[in-house]
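Comments concern the structure below.
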Amino acid sequence: MLYREAGQFKASFAEDMQIFPIRQDRIAIGLLLAFAFFGIPLFASEYWFSAILIPFLIFALAALGLNILTGYCGQLSLGTAAFMAVGAYAAYNFQLRVEGIPILVSFVLAGFTAAAVGVLFGLPSLRIKGFYLAVATLAAQFFIVWVLTKFPWLSNNSSSGVISAQKIQILGFSFDTPVSKYLLVLGIVVVMALAAKNLARSGTGRAWMAVRDMDVAAQVIGIPLMHTKLTAFAVSSFYCGVAGALYAFCYLGSVEPDGFNLDLSFRILFMVIIGGVGTVLGSFLGAAFILLLPIFLDNTLLPTAHALGLPFSNATVSHIQFMVFGALIMFFLIVEPHGLARLWQITKEKLRLWPFPH
Amino acid sequence: MQFFFEALIGGLLSGVMYSLVALGFVLIYKASGVFNFAQGAMVFFAALTVVGFVGKGVPLPIAIVLAFGAMVLLGLATERFVLRKLVGQPPISLFMATIGLTFFIEGLAPMLWGDAVQPIELGIQDEPIPWLLERFDIVVSRFDLVASGIAAALVVVLAIFFQKTRIGRALRAVADDHQAALSIGIPLERIWAIVWAVAGFVALVAGLLWGSRNGVQFALTFTALKALPVLVLGGFDSVAGAIVGGLIIGASEKLAEIYLPPLMQAGFGGNFGGIEGWFPYVLALLFLLVRPEGLFGERHIDRV
Amino acid sequence: MTMRLNELQQVGDAVAETAGRKIGDVILSLEHISLAFGGVKALTDISFDVREGEIRAIIGPNGAGKSSMLNVINGVYHPQEGRIVFHGRERRAMEPHKAARQGIARTFQNIALFKGMSVLDNLMTGRVTKMHHGLFAHMLGFGPGRREELAHRQKVEEVIDFLEIQHIRKTPVGRLPYGLQKRVELGRALAAEPSLLLLDEPMAGMNVEEKEDMCRFILDVNDQMGTTIVLIEHDMGVVMDISDRVVVLDYGKKIGDGVPAEVKANPDVIKAYLGAGH
Amino acid sequence: MKRIALAVAAAATLAVGSIGTAHAQAKEQFFPILSYRVGPYGANGQSLFGGMIDYLQYVNMKGGVNGVMMTWEECETEYNNAKGVECYERLKGKAGANSAPVFPLSTGISYALIDKSAADKIPLAMVGYGRTDAVDGSVFPFAFTMVGTYQMQATAIVKYLKDQNKGSLAGKKIAYMYHDSAYGKEPIVALEAEARVNKFELVQIPVAHPGNEQGAQWLKVRQERPDYVIFWGWGVMNQTALKAAQKVGFPREKMIGSWWAGSEEDTVPAGDAAKGYMSATWNVAGKDVPLVADIEKVVYGAGKGNLSDKSKLGSILYNRGVSYGVLAVEAIRKAQEKYGKGKTMSGEQIAWAMENLDLNDAKLKALGATGLLPPIKTSCEDHEGSGKIKLQQWDGTKWVVKTDWIDGNRQLVHPLFKASAAQFAKDKGITPRDCKKAM
Amino acid sequence: MSNAQPAPATERYLSVNNIEVIYDHVILVLKGVSLEVPKGRIVALLGANGAGKSTTLKAISNLLGAERGDVTKGSIEFAGTRIDRLTPAELVRRGVIQVMEGRHCFGHLTIEENLLTGAFTRNGSRKQLADKLDKVYTYFPRLKQRRTSQAGYTSGGEQQMCAIGRALMAEPEMILLDEPSMGLAPQIVEEIFEIVRDLNQKEGVSFLLAEQNTMVALRYAHFGYILESGRVVMEGDAETLRNNEDVKEFYLGLSSTGRKSFRDVKHYRRRKRWL
């Protein structure tokens, strides 16, 4: 009964085209944001900030970036981690080499750097489609990481190629505690998520989706293919780049090129697929799921095994964790190939129809 | 010049090893349109099962047969519990499911057989053929030659299977259109079970050869990464492409690794080796720009 | 057989009627167009023109090159020979999106809607050539980008009203029945306010009732907005009733051109396409 | 119904709440163990962590450290930096202020934990890996690059080669083949310096991760025909290199691996190809180390062993794991000597002990650990404390130690650390401690 | 004009009893459809797009699974046994085969290979297979000309023939034919329907035919059902349907004065009586 649209009439197109047209959604989002900004800092532990919330937000941002490319524009990419690496190393170098540059400016410039690299590697998409493109994006994945390893200038000649992120200061305030880092990341992610949502429901987003759904038809109604695809690559890489910068500055603190490996790209792709292709919400749900699932398994499997008296060694538990993770991924794809966001949507639809089944 | 040929031959021969893994991908893609990322994990699983049985005192040939049985079981289970339920889903969902499968196998295999890095002795010496070494001062490994022979034989058999047999035709039909294949009474389940069994067999062969070279261990799953550019170059659905692509990638990456870094060093200074990780991919990418469906891939038939 | 004759009679009447409508000068002319795919000839030396405000039908058997012809007109295919003059401007090869900007819109034989989007969004994409704000304006969610969006929404709503699809505005097009999808696709083309509308079998797979609706829409577009229409259609009833002039293609060659009655009596056309029954 | 089950599963996952509170009670010392038992290096992890945990178990069965019992919890990192950080944060919560040293056993994870561990005052033990400039304790009070750094190891190998060639390497050609990552790149700077000093030619041959294909690299070796190959591999790269060396006919006796490229896991799978191969190490293999023999008797005798595959007992990596345990436990013992016997030590107290550790031959002998570790004496200026290696050779079935301790080139290497640490301090705005006052 | 003799519905052959189909657990598409196909007859299933014709056929041939559809109520019988739970392969073996809407030929296979795949469920000798091919080629001489072309490069008409020929290779007793006329030129449509009639008369194959083109369908079918929004709204033999006023107006486009021009259609029209 709570989730009813009935009685909410739209008197103008502007009202109909709000970012969250249903009143209940607006209230829920407002409450959620208030809770995230003011509630969580009150009682979450350091572990929650450093090991769960911050990486969750950063991964969600990266997943959002990939979702723009894959979900909205239909270009499958396996090189997300590399674009994150570009962002991380760019932010580091801007901080290092430009005297007195504000950190937020560095982040934005890092995003732009990643966007430029993204456009470069997006060029093949004009001719290649589908899995061929996906494999081609692996070229970006391996090549970028290699470049970061091979040009010592990029890591300020550190013998190991590892960079240590500089301190974060904005207007004299140091972001060095987990809470402050969390709030910084949260702020950036919220702004960027809103921007993504706006993009998705504007002409740009429609052009992306048109190209995704049927590129010939898109061209025929006047959407320039090259411009649209490259914009998607640019925006997507921008998001990934900022995520990479945050990954280095607010999460790990120091990163090496090898850390941005294919594995990370896959994890982010998982987030997009499990969360829901082509939805902003899905990126968040997916990130939460893929990040928390292993932790959850970690925390439950061993105690469960002990409780049941199973003679499992630690190694066996780790193996089982791998298996369960893989199996759950398959399970989710089978039960809801459109991801968690769709599940949520179906739930909402059921709520709307409740108590009738159809 | 002699060195160039040595590098070329070495490259071609290691290319064959890539082809072997790529072949497994092609089989499954061709027959079910599934881009099976788990092929690398299957190579690992197959090889580990062989050494597992050998470790339990089973003679090698029997262990190989048992491992083949295990691969068939794995294929059947995959079909039964995963693919069958994903009929008609977009390719990306199937692709992701195979990544899930990869994780599953990566956990399952060592749980069954342990994590130890183990050798397989196939009884083929991985040493230079003395005659060539003395006569031309060229190093060619006997092992590599045998491996290429096996790969070539596999390809011939598979090509005949696909083109000439009733099942082969049905496999290609399924690859084209699941729904239509279903509608004319081709049982998808059986076809897929067969394909996965065959792919399992190819994985087993690849696993034995790679395993006897590098030791049977988790890293066998990385062989998949070597196979991907081969696939792109050769075309996802071409058995011949897997072979030719493998040869091209193998040869060019070896030559590039030897001849490119000095050039780059001259340009930028520093040390630029270790380009093998990306070179095949960039090569494949550049190639694609010229021919988007790969060397032998079937052109997508598209009517507006 | 009697019914068929009767039919012919009526068609003749229909042609006569069109005389009263405003048909202007030639706006599109195709001259000696030849198109081949890897050696296979799809179109051979085809010339015809389209006059402003008319409904021009292209008919012919399957594989005759009708769709290729439309694809040449709006730039999807680039002919190897010949020239295209549209509104006095000559071109041979052109990107489809540029053709769209010149005022050519089109629908497809196998519905080419954007399946993942709602009806409204599909129609809004039709406005793309008229919208000017970019990425950064869109990101904001307020300001000029938003205002532009609202203005265009107004236009799109007019199309929605015209096609009577208000009730499905927010429905994802993938969920719509075929007939409605066809209508939405027409709507997307109309939203672009084209001067030349290319329709590729707009009535394929429809029953009579739906065909009647579709004819009404096409005629209204033609009458009220003065849009020139090039139409591929198999239903001879429809073609004979609503088109002003007909081009007949067979195996990539033009075998007939003229008003419907003429074409229908053309022995080549009967042999290649219509069959003795018609 | 499936959907509901799914929703519940998702909700449950999202609601991971079982993150415990401080764990340390009196008389217990908690070890956060960031282990990896799956993935490409899982086989190595099994032996390493098996050895370390077996030793902790052994200490407990012998009555603990002055009655304080060792407790531990493992968290699987999969050798993945992000997961490593999560594990650290999680186990840190369980350890509270009284954490035993953390051994991340991965260079990448070590780097990610440097800042965090300093902020948390938890000693970070990077024994034989990790951030090498943490040798300078004035900048890195909580990070301990103990026993040896890659640079010291590399120079020690050069020293060995020099001894083999009657004291001069002039005119020789040495190839350095390495895993193209932080791990493989660290020694380059030291080797380049050595090449200048000793007038040998250094050829660098990087191998792209994971290194399961080295045809080109070994052809290059064949082309360059170096006198020696110094080899810095890890995981599958090692076996592949041995096989590839055989294929091009490079003598294995002239191939010297790092201590991460010299275990049974590397040589056994390579079969005959490994025979004659040399590598650096700081611990011997085998069960004839008294301590290892005793662990087998006491721990495995009681059925409390950690290894699932007992044949690994006494392997190089297992024994190395035991040496980790010895280092950690001795640090705790030392801390108790200063801050109170029979008490649980805080991270800070243990860090002090690690900085003032003095494990001489006599002490090692008393522990039964002769051969497991070189003598170590750490200080604020020198968190390394040793920098010595032995060289061992694979005889086809086992590792045989060939040399006594060989010292790295401290005069050459340590100033490099100093400079690098100073740069780090500058970047991070850290004021280095004054080591004179550190005691 | 009327070539089909109205045949008395004697033997119940295929019968669909009150089935309900739900897609995606939410969308109700068929709301209780019942129909029968007597042996040796051509039965047309008529109706607008989205009325549920395809869904009905797929429910019978059990191809709904891939589209996340489910038969939630009712039963389907063929030759006296329930077939609702049989796999498509099993159904084909029993003689029921569907030719899907939009042809669905295997684009990368040649025409001949396409036909051969049709015989998958029939284990026969090489000779038998060759004979069957010959038979298909006698019905579809065009296919013989194009036997070595990749199906993806053939015309729509040829593809439709290929799809029907492919089904014939499975030696069916009953073919579920979905929209055979879609997107085809009038001449080709006639050609295909002629073949359908031939097959029906010479080979005794029964057809259940979903078709938009009511005019053609009622010319060739013996019996017809009209489906609207997931319900059967009318049924009867072809003659009866052809003469029904509503069918005439809404499905055949005929008014009382004969054929009306598409130009004269108005936006408003009278309501159908059956609604």
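Chains here go by letter, A, B, C, D and E, matching the order in which they are written, and residues are numbered from 1 within each.
Operating definition for what follows: contacts are C-beta pairs under 8 Å (C-beta built on N, C-alpha and C of every residue); 3 or more make two chains touch, one makes a residue touch a chain.
Chain labels with UniProt names: B = Branched-chain amino acid ABC transporter permease; E = ABC transporter ATP-binding protein.
Only a predicted model underlies this, so the values are computations on that prediction, with no experimental measurement involved.
Shared contact partners of chain A and chain D, listed by label, are B. Fewest steps needed to get from chain D to chain E, stepping only to touching chains, is 2. Taking each chain's centre as the mean of its C-alpha atoms, the one that lies farthest from the centre of chain A is E. In terms of C-beta pairs in contact, A-C outnumbers the other of A-C and B-E. Ranked by separation of Cα centres from chain C, the top chain is D. Distance from the chain A centre to the chain E centre is 48 Å, each centre being the mean of its Cα atoms. Each chain gets one centre point, the mean of its Cα atoms, and the points for chain B and chain D are 35 Å apart. Spacing of chain C relative to chain D, judged by their CA centroids, is 72 angstrom. Separating the centre of chain C from that of chain E, both taken as means of CA atoms, is a distance of 30 Å.
Contact of a single residue of chain B with at least two other chains is seen at positions 106-107, 110, 115, 271, 274-275, 277-278, 304. Touching two or more other chains at once are residues 146, 149, 216, 315-316, 318-319, 321-322, 328, 346 of chain A.
Annotation for chain E: residues 27 touch two or more other chains. Residues 3, 6-7, 10-11, 14, 106-107, 110, 114-119, 121, 126-128, 133, 139, 141, 143, 210, 213-223, 226, 253-255, 257-258, 271, 273-278 of chain B are the ones that touch chain D when the two sit in their complex.
Chain C makes touch with chain A in their complex at residues 74, 76, 95-97, 99-101, 105-106, 108, 112-117, 121, 124-129, 131, 133-135, 138-141, 145, 149-150, 153-154, 157, 188-189, 192. Those residues of chain A that touch chain B in the complex are listed here as 76, 124, 127-132, 135-136, 138-139, 141-143, 145-146, 149-152, 216, 262, 266, 269-270, 273, 277, 315-316, 318-330, 333-334, 337.
On the chain B side of its complex with chain E, the touching residues are 87-88, 166, 169-170, 172-173, 175-187, 298, 301. Contact residues on chain E toward chain B in their complex (touch as defined above): 61, 63, 65-68, 87-89, 91-93, 97-100, 104-109, 113-114, 116-118, 120-121, 150, 152-153, 163, 166-167, 170.
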